[in-house]
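We call the chains A, B and C, going by the order they appear; numbering starts again at 1 in every chain.
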Amino acid sequence: MEKKKKIEIRDLSVLYGGEEALRHVNLDILEREIMSVIGPANSGKTSLLRTLNRLNDRVSNAKVRGEILIDGQSVYKKILPDVLRRRMGMIFALPIPLPLSIYDNIAYGPRVHGIHQKSVLDRKVEESLQEAFLWDEVKDRLNLPAMKLSGGQQQRLCIARALAVEPEIILYDEPCSGLDPLSTAKVEETMVRLKSRYTQILVTNNTKQAARVGERTAFFLMGELVEVDATDKIFTVPTDKRTEDYVSGRFG
Amino acid sequence: MESARKPWNRALEFLIERAIFFAGIISIFFVILIFVFLLKEGVSLLKTYPLKDFIFGQKWYPISEPPSFGVVPLLLGSLAVTMGAIVIAVPLGMGAAIYIAVVAPGWLKEILKATVEFLAAIPSIVLGFIGLVTLVPLVKQVFHLTTGLTAISGSIMLAFMAMPTIVSMMEDALTAVPRSYREGAIAMGATKWQMIWRVLLPAASSGMLAAIMLGIGRVIGETMAVLMITGNAARIPTSLFQPVRTMTATIAAEMGEAVQGSDHYFALFAIGIVLFIITFLINLAAGFFIGRAHHK
Amino acid sequence: MIRISAKWTERIAFFFLLVSTLIIIIPVILITVMIIQKGLPAMNLEFLTESPRLGMRAGGIFPAILGTVYLVLGTMVFALPIGILAAIYLSEYARDNWLTRAIDLAIVNLAGVPSVVYGLFGLGLFVIFLNFGTSILAGSLTLAIMSLPVIITASREALGTVPQSFREVSLALGATRWQTIRRVVLPNALPGIMTGTVLALSRAAGETAPILFTVAAFYLPKLPQSVFDQCMALPYHLYVIATQVPKIKPHVQYGTALVLIVMVLVMNLSAILIRAHFRKKKHW
């Protein structure tokens, strides 16, 4: 069955000052797929994510050209940034728990969106933590400061926190760069299990991780999308020589 | 999850963000407002009293008949006291800043810094009072004067009061010099003092100039202490051992008696304009040096 | 010519550095000791709770203490909200453009305007133009404008120490800018803001020149009843009894100075404690 297009990126260019971070990118992301985005440093991967959820708006010299559509709606013309970001959770490179308790971290999003009823919040916190496979580890100490958790737990807390606002899309910006292999495995497992419900974009430096998790993989180089295809094709029979060099570890 | 956020929240946020913006630019508004109000009252003097006589007039006799409102003696009074204060404060302050920043061991450093901060916290009226009962008799005795209420007493007092500004800012400037500069010099066999003299001081010069500028600004604007200990004689000073009167002290001393709407009242505002402009320029200069220090 | 070895040059130089430091530090200690020593004998319940009598030579200084408390509170009421909002603008909204540079310049200059000029301004605007008269309202407003640059600068710095990543997390969860500020940035910057504000207020408490023509009264037979009344204030009271009341006993003067210093120091100390307390609790 053909999957529906969730995000359509049309001729997208991003500039910081005079520097081009992305150049004429065209890419579709399908509903409920995991799209891995790989490429060496400065290839524009992170810029892509921050343009998708408009965190780039904060950078005063950032300029965006082209079009991004979500469910056919223009991100920059038709949707308020906070509404957009709520539909699009983001997990950052390092786990960033807010200086609050575990409970309050998860409840932060729902509260921001106007939910204050204790019973509803309790349910949301539990559901989200369960979805991120953290519930069993923290259910007895929800009032503990989130900073006290281990790195891997913190990152799954961040995932749970993002899930608590019921996004449709989750963006991961090198989510395991600070984690040990065991924690990484747990985070990856979480992503795979979330596949049935969310569209996920995983930016990673780790080609093996991209191969393990992604259904499709996009390879970026110096701001350009070089190639996008099914993950096993990218890693076994890429069409572009540069992709082959990268995935075989010849540079980057 | 249906959005429980109510539409009026957005309107409220819009209003809050407007308020934030207005609060943000309010500083500009106040600077202009201060200038406008000084100008509004000060310029009224010119209706009856020529500008030339205010700026170049050498006599300040506000209540004689006819009065003269020459700002020169007051301006020179301020200048004399300020110059005296800076001559005293800069070398001492610099010495102390270097000592605190580089020489003093860690525990002593904290104590010294705390003491300087404590000095900054003492209200100037208290220092003025102490100066009046200790410094003034001391100056009289040491220099064999008929009165200790002189420009030099004011200079000493103001030098002391400017110390926190000068010492803390210079200390910051010295501390801000990258460690590698210092270590490089020491590694090449220089003594600590050679390192200070040849590396640290040149590298921190912009910040230290800014400190001096702000010190001058602090001194020239100080009111109560000079009012209490400089003797308040509005005549052109010929030596630091005479009583003088500064612009600030004149305003503070005479505004209480000046009849609102009289020439005397307007003249005091005109002095305020002069003060405002002088401090504005000094701060501009300080800002320039601070900017240069940051760009390095 | 005698060549002095580098080691000896250093010793001599360091000796002079130490001497300059001592020239600054020793008077501070002497002044403190003197005020405490000569002011303590004046301290008793009457001094702190009664009105002055016999032309300020006897009785207490309660009206002046109360007046200063009123002025500090008044200053806080006006300066704190505006100061915090202004700092929020500069830290969270302002972009790097000419307007921001103009604001920076204005703040630096407000900080440098002599306090007596604030007094003139307060007289011109609040007392006469807005017709508040010499009153607690006019004095508080004048002190508030004078305190603004300090509060803005300190608050802005405090906001700046909150990691950018906290803001991004909050925004990424769909919070608006203001929600992010209110729920994440402000709570984490609050200790710094409080420290700066208390320091600014302690300075305002000790100022004389700005209140000279806007609020301070030489002597009032009764306590102020409303914000449109004049009040006595500690710094001005000290000025009066130090210069205009002949044959006054020194311990009354020193006692007044001591009370003023203690008030200012208590504020400073609490600022330091706030800072220390929260620094310990900080997690990032």
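Definition applied: a residue touches a chain if its C-beta (ideal position, glycine included) is under 8 Å from a C-beta of that chain, and two chains touch if they have at least 3 such contacts.
Everything quoted here is computed from the prediction, not taken from an experiment.
Measuring from the average of all protein CA coordinates, the nearest chain centre is that of C. Farthest chain from chain B (centres taken as the mean of C-alpha atoms): A.
Distance between chain A and chain B, defined via averaged C-alpha coordinates, is recorded as 54 Å.
The distance from the centre of chain A to the centre of chain C, with each centre set as the mean of the Cα atoms, comes to 48 Å. Measuring from the averaged C-alpha position of chain B to that of chain C gives a distance of 16 Å. Multi-chain contact residues of chain A (touching two or more other chains): 113, 165.
Residues of chain C found to touch two or more other chains are 176, 179.
Residues of chain B that touch chain C in their complex: 13, 16-17, 19-21, 23-28, 30-31, 33-34, 37-38, 40-41, 91-96, 98-100, 103-104, 112, 115-119, 121-130, 132-134, 160, 163, 167, 191-194, 196-197, 214, 217, 220-224, 228, 248, 251-252, 255-256, 260, 268-269, 272, 275-276, 279-280, 282-284, 286-287. Interface residues of chain C facing chain B in the complex, by the touch rule stated above, are 6-7, 9-10, 13-14, 16-21, 23-25, 27-29, 31-32, 34-35, 81-82, 85-86, 88-90, 92-94, 99, 102-103, 105-121, 123-125, 128-129, 145, 148-149, 152, 176-179, 202-203, 205-209, 212-213, 235-236, 238-239, 242-243, 250, 253, 257, 260-261, 264-265, 268. Within the complex formed with chain A, the chain C residues making contact are 95-96, 163, 165-176, 179, 183-184, 188, 282-284.
Contacts from chain A toward chain C in the complex involve residues 53, 55, 58, 60, 81-83, 85-87, 89-90, 92, 94, 96, 98-99, 108-109, 111-113, 145, 147, 158, 161-162, 165.
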